[in-house]
Structures are given as structure tokens and as C-alpha cells.
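The first chain written gets the first letter, and so on, giving A, B, C and D; residue counts start at 1 in each chain.
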Amino acid sequence: MTATLSKADFQSDQETRWCPGCGDYAVLSAVQQFMPELGIPPERIVFITGIGCAGRFAYYMDTYGMHGIHGRAPALATGLATAREDLSIWVVSGDGDALSIGGNHLIHALRRNVPVKILLFNNQIYGLTKGQASPTSELGKITKSTPFGVADHPFNPVALALGAEATFVARTIDRDRHHLTEVLRAAATHEGAALVEIYQNCPVFNDGAFANLTDKDVKDANQIRLRAGEPIRFGADDERGVIRGADGCLQVVEVADVGEAELLIHDPGRGDPGPALSLAKLAQTPMAPTPIGIFRSVQRPVFGQRGGTVPATEDQLADLLTAGDSWTVA
Amino acid sequence: MTATLSKADFQSDQETRWCPGCGDYAVLSAVQQFMPELGIPPERIVFITGIGCAGRFAYYMDTYGMHGIHGRAPALATGLATAREDLSIWVVSGDGDALSIGGNHLIHALRRNVPVKILLFNNQIYGLTKGQASPTSELGKITKSTPFGVADHPFNPVALALGAEATFVARTIDRDRHHLTEVLRAAATHEGAALVEIYQNCPVFNDGAFANLTDKDVKDANQIRLRAGEPIRFGADDERGVIRGADGCLQVVEVADVGEAELLIHDPGRGDPGPALSLAKLAQTPMAPTPIGIFRSVQRPVFGQRGGTVPATEDQLADLLTAGDSWTVA
Amino acid sequence: MTKQVEELDRVIIRFAGDSGDGMQLTGSRFTDATAMVGNDLATLPNFPAEIRAPAGTLAGVSAFQIQFASSDILTPGDHPNVLVAMNPAALKVNSAELERGATIIVNGDAFTKRNLEKAGYAANPLQDGSLEPYRVHQIPMSTLTTRAVEAIEGVTTRDAGRAKNLFALGVLSWLYGRPTDVTKTWIERKFARTPAVAQANQAAFNAGWSFGETTELLDVQYRVPPATDVPAGTYRNVNGTTALALGLIAASVRSGLPLLLASYPITPASELLHELSRHAAIGVSTIQAEDEIAAAGMALGASFGGRLGVTATSGPGMDLKSETIGLAVMLELPLIIVDVQRAGPSTGMPTKTEQSDLLMALYGRHGESPLPVIAPSTAGGCFEAGFEAARIAIRYRTPVILLSDSFLASSSEPWRVPDVATLPGIDPEFAMTPAHPPDAAEPFQPYSRNERLARPWAIPGTPGLAHRIGGLEKTDGSGNISYDGANHERMTELRAAKVAAIADEVPPLVVDIEPDPAHPTNLLVLGWGSTEGSIRAGVRRARESGHRVATAQLRHLNPLPRNTGDVLRSFERVLVPELNSGQLAMLLRSRFLVDVESYCKVRGQPLFADEIADEIASRQ
Amino acid sequence: MTKQVEELDRVIIRFAGDSGDGMQLTGSRFTDATAMVGNDLATLPNFPAEIRAPAGTLAGVSAFQIQFASSDILTPGDHPNVLVAMNPAALKVNSAELERGATIIVNGDAFTKRNLEKAGYAANPLQDGSLEPYRVHQIPMSTLTTRAVEAIEGVTTRDAGRAKNLFALGVLSWLYGRPTDVTKTWIERKFARTPAVAQANQAAFNAGWSFGETTELLDVQYRVPPATDVPAGTYRNVNGTTALALGLIAASVRSGLPLLLASYPITPASELLHELSRHAAIGVSTIQAEDEIAAAGMALGASFGGRLGVTATSGPGMDLKSETIGLAVMLELPLIIVDVQRAGPSTGMPTKTEQSDLLMALYGRHGESPLPVIAPSTAGGCFEAGFEAARIAIRYRTPVILLSDSFLASSSEPWRVPDVATLPGIDPEFAMTPAHPPDAAEPFQPYSRNERLARPWAIPGTPGLAHRIGGLEKTDGSGNISYDGANHERMTELRAAKVAAIADEVPPLVVDIEPDPAHPTNLLVLGWGSTEGSIRAGVRRARESGHRVATAQLRHLNPLPRNTGDVLRSFERVLVPELNSGQLAMLLRSRFLVDVESYCKVRGQPLFADEIADEIASRQ
């Protein structure tokens, strides 16, 4: 029966309510399209979301869903995942929801390696509340809450996840359905926690934040596509690449200048997260050439059920009640 | 007058109340000893602490102090630092206080580069509440809250800080007064946020957690002392060292096998935090050879005062009140 | 042709259109012009729910309501007499609330098949007679606007399309004889950098005005004489958010304490953050914290440093701040917590108003942690409330909760600008020497108390006063940690007594009419916070229809005015209308054992004057 | 030599010593032996503040108190008649609370100059006559213990030193004729792996016993006959923590829902986490969350998944959970929140008891978010309370707050173990088909309601019932997001009505004596939660001295028993003793307009029977 599932089986009857042109539409459509691949019936799939435009995602998926409170989706999901190993659990969160108010739950879910897939819609702005700065807004950005420009250095979500012991960390883009789907596939098959940062355009409050990576004429020059086992190179004609410089830091070079042999080979399976962090920090904001794809994918025991799924029997309970010294009064 | 300050000037009249043999005593004494070096009068120094045994620290320093609530010291300190640039502000926190309940405030204080020095007393246990697991407790550890062993993979505080955009990250040990003081000195002179992880022994609930790095007979074999600009090597006769292997990961080797030239040169000033993360993760727990010292120290604008220190004048206020369209009724 | 002029005492107009139609702008321009005329007025914007919905849909409708009159008015009004509807959706959403016989002015061009469908109209309401009970004026605004501007050099069709709201403004300005120069100068200022656009807007406005003047369509012009009962002074329009921001800044100036607001965005409290963040130039620091817990902590940290620490949020954020507020109670430091209430529980209805956080403000923390609670009752009153909250926080070294709400924050009214010199001074009375108060023992006793039971506030940097404070119970006087039972009981009583004693400075509860023995008034309508306007308007109507009824409004919820009990007992019946399930009533009943009656409205809307009038009538 | 035997009706013994002296162990061993005798008993440990203080200091003193009697008793007792003091500090800290003429047994060896100084004694109290009013027995326990064990193969001097608490146990066991076999078997079990230590402890115990038997020092032996008024059944000793854990597990078994506890450590609630984490083998999952917010979220997430979600904390943690509890109110899912109250506000006095979270439990969330609140009144009663909380949470799909406190959690008493078969079943009634309840509309209506107003609980994995829930207001029935005012009012009323209706299943408030027209009882003492024992004991004393007074205890704080108002009104005066500033009194006054009087104690201690007796006397 699950074999016959189609995109339509994952579309709820609720009218989608995002602004015209919002990147969320593209991600929703891609996710609904991908779901049948899981081969899991909709009733065993759960979407748990936080508050924000991204948070509305749950209402549009015809699966079980919980629209939680701001920033707490990873905690809700951790409880559900611990209680119900039989479910496929997805968290959808925004850059404010996941990294500002929800930062603590995110890093703990990652270190515990809770079996949930976390989709972080990063539009580098607060959308639902109409345009305040987010922890990923670039320095100097003018927003409703920062009329003189953002003064706090932003987080790099991939870097934060790597420092937080994440076992799977990836980055993709709303507009690139193919790449997005590939990454979703990898995240879905990963055992344990997966963090997927999705660059998502907010045409209303932060339009063009990722134009560098999405506009036809410049994207090739700026998308550094990470492929396991392959040298890291990019550009219209793969003319540029990444090497580890003499100073021990990664740097972008012209392949011609250094020779292909010098290029760094991408390996998401490294135990040492250092090189992945170096890649994540190649660009602090997506205005420079920016790696996308899977930064890290390693195996580690999954945070799982503690007490099993069946309560005590009545006999076990009876024994428990009289455990320790007991006496009888006739 | 500040020239004549001595340790005694920083000792409060409160009786110190830690368990006999607690590592906190050594740190307290070292800090009190070091304070005069700052050349700042006690009244311009503030210690803000969270809840935990470490949290009691504030009461023992004869400076201004606030013993806050659990996990929130970095937030309290951020407010104070923003309001009062003229103060030297120190946060003292435990591994539970800083990394469990307070994780979010810690990473945000680091990314904002708030000018506070954060001393994280890591005893890998909850002391004040009598022995539950902490986010740094090693896998499998039996504690009051984990009778079958800790099931969550621990945080590595240095790694977390590096992923959180920290500009200064160091690690030292309660028992090594000299090294501890060196690190305090560097942290104090760093402009912006400094995170100092201090391995601290809790003889009552987690005795010997750092024996590997403190016991005479084994410490030389396990302390990897990081020195800026020098090759990374250790061991009684510096016979071992750290190199970057062919696979791109760091590894510990016998210097003899690879030759000194191959050794990694330590540079805390690298823009790219990747190599520092690799070092931090050389040992997931201090049971293996573990780097101590300054992992990262870079410059970045400091999160500072927004609105300045003087309120509006009465004239400015009057103008403000009538700003926009106003009219007069006679 | 000259037209007949009809005089009116009061008018309620609602401008409604698609989010993109610029109705908020039209409304506020009309408001400014109206203020200039000297009418009294009150306004209320009504935005669509957070996310911008597709153009033309019901969810996308944005509206702005204004009531203006020749005598003082109290609310933006319950039921509009005039609706300006820029598209079918706007008509659909708003027609239900119109008074019978109301005037409806629509942009006929917008009533296309597509738009009608989007609005869910089976048939065109302009044709199917469903608008029979109203006076409908159809004006092809888009067409006329385009025609008016097409000649202008460098104007895009997009500019033309967007200018139609000024056409509407022109029509209404003519209809109610609003001055045109205010609008003219505004257009010039606003579009100074794009002269073409400025011209286009001016042209559209003029076109609307002359349309009114010339066409047969509108046969009467109305006149609402200026309000005569207005005290002299300088006035401006403010909504509750602006007034509150100004009140806090004024307190900062009068106390000499720089203001630090740490806040985390949340509807409808974000506006205060936006507002204050613009004033960095005059000593106002703002931090967008990582969450509400941090925001409260940062504000408290600033207070410890001798600043005026403020944090602002709405319901869900209040939950999160409660632990830190409790710490502030224990530290006995000044802290202002602004709660712009919205419809709960949980995420509830974020854009809707409610008064359901009162009991949480009083009891929403573990342990015995009393603190003062203040609730402004008008948009302008938010200025005094902000100032008063700061004054109390500083004088008594205590956190203060200020309960505003979504309605107060966004509704606006003319506000008489106070003379700065007349604002009371606020002396922070920082401790400078160990002996503080002078007769206190040395070494410095951070938990000694003055006549108000307030403790000394010694800020870092003060030599000789270095001390440690924290959340653990402390010894009376020295402030050292104490687990002594008797001390804990004493400190618990002291914290409560300090807050209770603030009543000495709380103005008595004022009933709006003197009890007249001849005709005893047996009913008191007692409200709190933002409901004042509607209650007074409702009471006024009840009186007009002959009912004897008195009213009073509580602005201090803790401590209550000292005469509250006497006032309650001096009436046979007391009616307490609230936008919750009876929270103030619960307080009053337990405090005074008076059987007050509740009128509870929990619909996410402000109270309506009609409802009060009806409740009164039903009791007499 | 045979000694005279004196019969006693009740005895209160306090074992006190340094944290290292093992007094908790001595006390619990003595308790078990006492239980075997068939005495009724109640015990209370008293640990030093969190951090272990230096040996011999006042801060390091640990004590364990037991009251045992031949007739039913209600509390661990106010003033001990016997104090066992292992060192000077223990004597200093505890002597003040002894009754006049009490017996003091000290370890003479410990009264060294150094220890006396540490305890702050200028002169040795054993010599300076300051203990005149007491009967003091000095026993060189350390010396005698060492002598008794030194012969034993493989015993270190350290083992010897530590065995002296068993010597003390031996002495007291002889003094009160406690059976020795219980202790013997316990020693064997406990030290099975270290026979030498086992032997040493046994030897020390025997030495203590024979010391009592042989020396002149102790001339009388006491006998407390077994309690005769005890109902038949199997008994064990439990403290409130264990009883609560068992109650929750029992509910899990009877409902078939695996238990998931997510909690963040905090004194005194951590013990529940420790206790439950041991039962992983029988379907109990426990997670130590990163903070209290996460803990509540994890428990709620588990509930969504069809588990029995529980979270436990104390005051500061309650503040942090409030937003998530509000979400649970909106989601209408079962959730149990245990609040083990401690002295507040803020960090307060973490190891001390208080009842000051009642109003926060009821009103500590923004918006109108009603939920049931239950408060057990005895250690054993925590079993029923835990079970009942789960039953209500599941039947009504609602979060339930259970208010325990530090005193209840750690005090212990004999508990009659219930027969598992007699425990009521709890049917989770999971929704399995879209039509649920059967007459409901399709598609699945997650917010339709049954006769109890409870909504269907459809858990992930159930085909055809996939649905979305969240914190935004929802349409009655369908559960879709709604901003409609009328719907919001209806939903607000429904949520309140559902909780109020639980009163149908709340047992009536029972007054302990029938009103007797002949001698009217004009005073009711009404308590709630953990004060029951002290109140009943106090009332009993008052009656013994001739006062006519009735008493009753509330275990359901929301909703209140339906007859509460009638009960209050049937007395002239109502006295409400509380360990807070009058929180229940406030509730009752507003609900019933009855002028109840408060007796407030906020000293971080449990209520004392004397205090109640005095309060009663002062009113008659």
C-alpha cells in the first residue's frame, strides 16, 4: 500500500498561507514530492514545528503534526522520538526559532543524536514578526529592530552544529529542488540526528539574501558543491578549488595555479570535524563562494528508548509495591 | 592606590563552603592571587555566577558580585557589560550551568563577543545537586540520574565554543596554578568574550576525573600544552607530537617516526577555526592525551554600548515629545 | 455647483482594502488632517494576521478606523457610519459591522469577476441588492486616478495604481471638509526624493477632492465642528506604544538613569523595541536578546549597573521571564516588565487583544514574590504609566509589571504633550558611603532599609560598597545567605510590606460622579486598564437613556488604591467588565468580600460601549 | 542484672551527627526494626544544606527523627524526648528543640577540644552544667566500638571508626527493645561482598546492645507496645517520593501507557528522577533534559505519542515550564507536572519546605489556561495522588499539576500496600476511527468532545487519523486555526468547563466529626496538602484540652470538592493554616465570600501540632 503513495497523499486540506513568492512554497513542494520515497505510510510520519513562517509547515503536511511553541520543537521531538521509535520524525524550524530562542534544544538534540531530521529554514530574518534581525542576519543589516544595523556577529548554522557534536550536517537551497531532494534523501537515511540548513528566500523582508547562489548568471561562480570523495572545485568550468594553505587554513584558489592534485578531497565521514568546520567557515555569509551539500555524515549510537514500550505487568507491579522490608498486620 | 592591591583585597569575609579537597578552592585562590595584576580597583570588578557549587564563587570575592539564577549568568553579564563598559566583568559557571540549562546564553554571548570573561568550572558532574550526570559526563558513567550509565554523547566545551564563533577559547586545570594563571592573564587582556574551560576535580561525586592530566606519574604523558608558534609535542621527553594525517585529520604520532618538521605548528590566531576544533577533538574526554592552553585568540569588534551613557537632555526630551505633527489649542 | 452642507456631531469612518492598498497610510493622513481641524478623535488600525496573504483574499484585508467628533470621545467607535472599501474582500470582511443605513464608498474598478471570487462572493453585491440597507457610492477610483496621473512625466503605471489610495483620501477629505494643506505638505516631504511620485500622489488627491466637489454622486458635504471642550495645550497624535516609549524615556531623563531595553520580538510588543531602538542618539540602549529569559536577565544586569532596565514582551514571553522576575524580587532592584497582552492561552490569537494576564502578573512566580502592577487605561495614559512604573521601580527598588494590551498599543488619540519641567524628578538615591541610610551599621548593609522599606542601591564602581547579592534568602540587613526560619519569615513580610506601602503614593480610586443622596446611584461599573474608553462611553449612553450609574477605572492593580474597599461598599451593585474570565473580580472578591458581578468578554476584541450600556440597562 | 522496664505510649528520638557519621542509616535501620514491632511511626530526615561542610562544623550536622507509638500518630513530632548526638556540633544544633527533661545520649569520645571549638562551644557543655535540665548519658562510643572490632581479621581502623553508628543503634535498640534480627539480616545483605566489614558492624551493634544491658549507665529499659488500631494488611515504610513514584508506575500499568519522565535535576525533586530511573526494566523511560523547558516539552512530546508523560521539578523549574504547560492546555493532551515545593521566592532556601506555589499552579500562565491541581496530604497519600493525577490527565486530556513539597517528599511512614487488583483501571480510549466519538462528523474532528468534554486522543501510527494540533486557537470540532472571536470565547469556555466538570469525580470534602447540635462546633480548621498530619495532631490536642473543633483537608485544589462552600458556611469560623502567606485563603474567600482566617507560617519548616493547638485555643 505504501508503494502507491504519491505527493498528493502528503498534501493537507489546509490552504497554504505564505506570502506570494516565499521560498517556503518550494521547500514544501519538494518535501511533499520526496515523502513517498520514504516508503512510510503518512500516519507514521510526524512533523513538529516551532513558531515562525516556517513553523506553519506542519499544517500543510497530511501527516501527524504538532505546531509547538517558539524554539521548543527539538525538545518536543526528542520526547516523541524516545517514546516512539517506530515513527519518522521531522522538525521544521526557522533561523530565529532554531538558533535564537531554541538554540539550546537544537545543540542538545544534536549531541544526543536523537533520531529526528531537522530542517532549518534560514532566511536570515524574522519573517512572521515582520522583519527583525535574526542570529544569522549579516553584520550591519538594517532591520526593524536594528535601525542602525545589526551589531552582533552572526552564527553559521553548519559551524554551530559541528561544534555541537552533530553526526549529520548539510546545507542546501530552496530554489534547487534537485539538490534539496538529494540532501533530504541523505538526511532521511542517516541514523540519528540530521541538521539540514536550507537557504530560504523571504521576498518580503529579506529578498535576494541568497541571490549569489541562486541567480543564473552568478550561481556557478558561488556554489561550491561538496561531493564525497571528490576534490572540492567549482566555477563555470570548475576553474576554482579549495586547498589547505601553508598556514593550515583552507583557501580558495585557481586550480590552474596549484594543480588539481593539491585540491582538498571532500570526506563527510571524517571523525575529526575540523576540516568540515573549515569548509563551513569558508564563507561567513552566502555573499561569497559558499559550500553546499553534506559537510558531515558519521555513525554514532542513537539516543533511543529507555524503558522499552511495555509497562510492567501486574505481577511486576505487585512485587515492586512490596519491595524492600514489608510486614503484615493480621 | 591600585598598585598596592594584594590577594587579601579580593578575599571577602564570607567563610568558603566547599567540600574538603574541592578543586574550587584552588581556582578561587589562583583568581584572588591574580586579580591585583589587573590593576583595577575591586569596586570596578564584578563577578556574576550561576547556580551550582561553582556559583558560590561570587560570595568569596571581595568585589561586586551577583549570584544569579541557574544558567543565566551570561545574560545578566551581557546586560551589565552593555550598560557599563568601565567594568571588568567575570562570569563563573559550572558544566551544567553553562552547557545544560545555560547553553543558549553561552553561545550567544560568545558570538556577540560580549566583553566578559567566562570561567567554566568543568567537573563533569552536577555537584550542588549531589551527583547527577552533566552534559560533559562521559558515556556510560553511572550517576544518580543514570543508574544504567549516561546514554548521551557529551559536549566538548572548547569545540562548542569554536562552533559558536568564539574569539577566545582556552582550557586549563584547577591543580596547575601556573598554567591557570597564564590562561587567566591571556583571557583578561583579550578584548571581547573569553571562554576558559577549567578542569575541576569534584572529590565527592566525581573524584579523579582528570587524574590523567594531574597525577604526577602520568600527566606529562597526557598533557598536550599548546604554545603559540611552536610545534605541538608532548610527553616526558617531548617524544610525541601532533600532525595532520593524509586523511586530513589530526593524529598523535611518535616524533621519531615522522620527524619534527611534520609537526603541526600551533596558531591560535588563525581566522579558520577548523584546526583549533581538530585539536579540541583530539580527545573527546580527558582520559586520552588532551591539549590544554589557548586554542583560539582572534580580534573582532566587541559587543558594546548602544545608547551611550548619558540620557537625553530636557531640551532633547521636549523636542522628542512634540516630534511629528503637533498642534496647539489655545 | 454648490452642495448642501449637513452638520454632524460625530462620524466613524473605516478605510478598508488589500494589504497592498495603503489603507493605514490613508487613515493616518485623514487622522492628521482631522486633528488639525480640532476635532476630538480616536483611531484603531486592524492588520491582517501575521503572514501577508495573497492579494484580494479575505485574509489580506487591512483596515483603519477613525471616530472624530465635536465633543470629547472615548473610543474609535463600535459600528462605522462610513466604509471605504477598495476591493470586494474589504467589503465582505467589514460590511457586517456597519451601522444600518451606513454609507459605503467602493472602488468600482476592483469589483472584477476574479476579485469577487477571491472574496467568496457568488454574485456581485453591488448588483444583487444585498447592500440594500446601505447608501452605496460606486467610484471607478483606479480609472480616475490613472487618468489624473498618466500625463505626468516619469510616472509608471505601478505608481499610478498605487496612488488610488490618495484619490480615496481626496474624496473623503472633501466629504468631511478636511484641510488639504496638511496632506499637501506631507506628500512633498515624503516623496521629496521622487518628484514624479509626489506629483502623481498630489494629482490623485486633487482628483478625488474635485470628484467630490463636482459629481452628482455625492450630494451632501458634511461638517463636524471642532471640539470646544478641549483644554489648552500642545497636542499630537500618539498610540499606546509611542506614548509608552516616551514615558520611559522621560523617566530616564528625570532620573538621570540611561535607559536600557532588552527585548525579544513578539507581536504586539515588538513595536516598543522598534520605537526605542531609534533613539540610540539620546542615551537609549536596546538589545534584541536571544530569548525572553535573556532579555529579562540583560535588563536586570543593566539595573544592577545603575541603569533603568526595561524588558517588554507579550504573554508567552511573560511565562519565560517569570523566573528572572522572581530573582529581581529577591535582589530588590528596579526593573520594568512591559506585558502587551494578547489573546491566549499559549500562542492563542497573536494579533488579537485580551486582558487575561492579570493574575499571572500578580501570582505567576513560585514562592511569595509580590510586586507592583500598573495598567494604563488610554493610549495617552501609557506615557504616565511608563513614567510611574519607572518612578516606583526606582524609589522602591522593585520590579514593576506594566500591563498594556494589543488594543492600547495600536489605538491612537490626540495627546496633550506635557511640559517637561512639570514632570516630577526621580532621585535614584544611589548609596555612596557604607553608612546608608546614614544611621545604618557598617560595614555596608545592602539589605538595610529606609522609611519606604527600600534598600540601598550601590552600583559597581562605588568604592567601599562592594557587596554580593543573589537569589538565596538573605539575612535582614547584611544580606548574607541565611537559612534561618525566623529571618525568612521576616524577609517575606518585609518584601510584602514594602510593596503594600506603595499604596501611600497611589492616588485614590475616583468615581466619576458624586453620590447624590436625592437620586442614589446603586450601580458602579469598575474597570481596569484599556477598557476605560468603552466603559465611559457605555456609561454615558446609559445615562443618556436615563440610568443612574457611576464608573471608575483602576490603573494600579497592586497595590490597590487605599479607598477601593470603601468605594465598592458604597454601592449596592458593582459590575466589573473585563476582557478575560473575571480576574479582577476574583481579586476584589477575596480582598473585600464584596459580591462583585463580572461581565466577561473573551473574543479578542476591545470592549464595545454598546455592550456596557446593555449590561447596565439589564441591571436596572 | 535485670533492669526495670517502663511502658511508654509514644517516643520521639532524633539521631544527630556529622554528615560522615551515618545517622540517616542508623535512623532508617531503627525505623525498620520499629515497624517490625508493629508500632505506628513517622520519620523525617534533615540533611545539611547542599554542599558538604567541613567535618565537625555546625553546617555539617545531619539528623534523622522518628516518632513511634502504640496508637496511630500523625507526624514525626515537634520536640524530641531523646537526642543521640555523635559530636558537639550535633548537640549544639539540636538541643534547643528538645523537650524539657529529655534524654541526651552523646559519644563522649567526640567531645575533644578541637570539636568543641568547631561547634563554637566556649566550655564543654558536658561539664559546665548547661545541660542541667536534661538527662545526659555519656558513652565513649568510638573507644568501645574500636575495642569491639579490633580483633576482627581484615578490619581497618577506618572501618572501625565508621562502625560506631551501629554501636549507637545497638544501644538504642536495647533501650527500646527493638528486635535485633532485622538489623542482623540487613547487615549480612548489605555487606555480603565484604565479610570483614559485615562482622565489624555486627560486632559494633552487639557491643552497643550489651552495653545497654550490662552497664549501670542506663538503668531503665522502655517498652512501647505495638499499635493496636492498625487495619490489617501488608505494610512497608515509604516516603513521599517513593510513594509518588509507585503511584505513577501503578497508573502506567493500569492504563497500559508506558511512563516517560523527563526532568531536570533540582532539590528536592531530583529524588523522583533518581527513583524512577531505576525502573527502566519495567517500561519506565527517564530523560535528564537540558533544562526544565525541554523536560516539559519532552514529556508533552511523549504524551502526543501516546505515553504517560510526566515532568517533575520545584519552584524555579515551574516558572520555566509555564509556557509549555500552557501549550498542553491548548493541545488538550495528558501531562503530569509534579512540583515538589520548596521555600521561595527565587532560589530561596532550596532544602526547606513551603506551600507557596499554589496560586502559581492555578494562575502562573498567561491567558485563560485552567487545569486541575492535586495536593497529597501524607507520604503514603502520594501514591493515590500520583495515580489520581494520571487518571484525570488521561480521562480529561489535560495537564495536571501535583503539588508535593520538600517535607512530604522526604518524610516517611508505614504505608498499607494496596492490592493491585483493587486499583481502578484507566482506559486511554485512543481514537481508532475517524468517527470518534461514534456520532462525530467525518473527517476526523480532533477537537470534538465526549460527555466529559474530553477530546479524542489519536496517536501517530493510527491510520486515517493524521491531524495537526498546535498552540494557536482552534476551531471547535475541526481543530483548524481560527481567529474568530465567537469561537475563541466558546473554546475558552469549553476549556474551563471541562476542568470544572472534573468536580463530578472529586470526592466531597470530609469533616472529621459529625456536627453535634448538643455541643455546636463553631471552628473548622481547614488545611491543604502536607499539613494534614500536624493539623490533625494539633486538633487532637486541642480536643484533649476540651476544645470543640473540627478539621478537614483539601486534596483537590482545582476543581474544589462540590460541597466546599457548604462546609465553610456550616461553621462560624474557619481557620486556614498554610505554609505561605494565605494563598488557599485567598481562593476560598473569592470563591465563597466567606471570611476565612489565615494562620501563615513561612519559616521553611513543616507546621507543628503545637502551633495549631495554640491557634485553636486562642480562638475559643
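FYI, contacts are C-beta pairs under 8 Å (C-beta built on N, C-alpha and C of every residue); 3 or more make two chains touch, one makes a residue touch a chain.
Here the structure is a predicted model, which means the values were calculated and not measured.
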Seminar exercise, completed: Contact-pair count is greater, between A-D and B-D, for A-D
Problem set entry | subunit B and subunit D, separation of their C-alpha mean positions in angstrom | 39
Exercise. Subunit A to subunit D: how many Å between their CA centres?
Worked result: 44
For this session: Determine the centre-to-centre distance between subunit A and subunit B, using the mean Cα coordinates as centres, and give it in whole Å.
Result: 29
Problem set entry | Distance from the mean Cα position of subunit D to that of subunit C, given in whole angstrom | 47
Exercise. Listing for subunit D: what residues touch at least two other chains?
Worked result: 280, 286, 290-291, 293, 316, 323, 327, 346-347, 470-472
Problem set entry | Of all residues in subunit A, the ones touching two or more other chains | 51, 67, 69, 100-101, 103-104, 108, 135, 306
Exercise. Hey, how would you classify the chain contact layout here, line, ring, star, complete or other?
Worked result: complete
Seminar exercise, completed: Within their complex, subunit C touches subunit D through residues 49, 293, 314-316, 318-320, 322-323, 326-327, 329-330, 339, 341, 343-352, 354, 356-357, 359-360, 362-369, 470-473, 483, 485-486, 488-489, 492-493, 495-496, 580-581, 586-587, 589-591, 593, 595, 601-605
Problem set entry | Sites on subunit D touched by subunit B in the complex | 50-55, 59, 264-267, 270, 273-274, 277-278, 280, 286, 288, 290-292, 316, 346-347
For this session: Using the touch rule from the top, collect the residues of subunit A that touch subunit B in their complex.
Result: 100-104, 107-108, 111-113, 135, 151-156, 159-165, 244, 247-250, 264-265, 267, 270-279, 281, 300-301, 303-304, 306
Problem set entry | Touching residues (chain side subunit B, partner subunit D) in the complex | 17-20, 51, 53, 56, 69-71, 100-101, 103, 126-130, 132-133, 135, 144-148, 204
Seminar exercise, completed: Counting only contacts in the complex, subunit A reaches subunit D at residues 12-14, 41-46, 48, 51, 58-59, 61-69, 72, 75-84, 86-87, 104-105, 108, 305-314, 316-318, 320-330
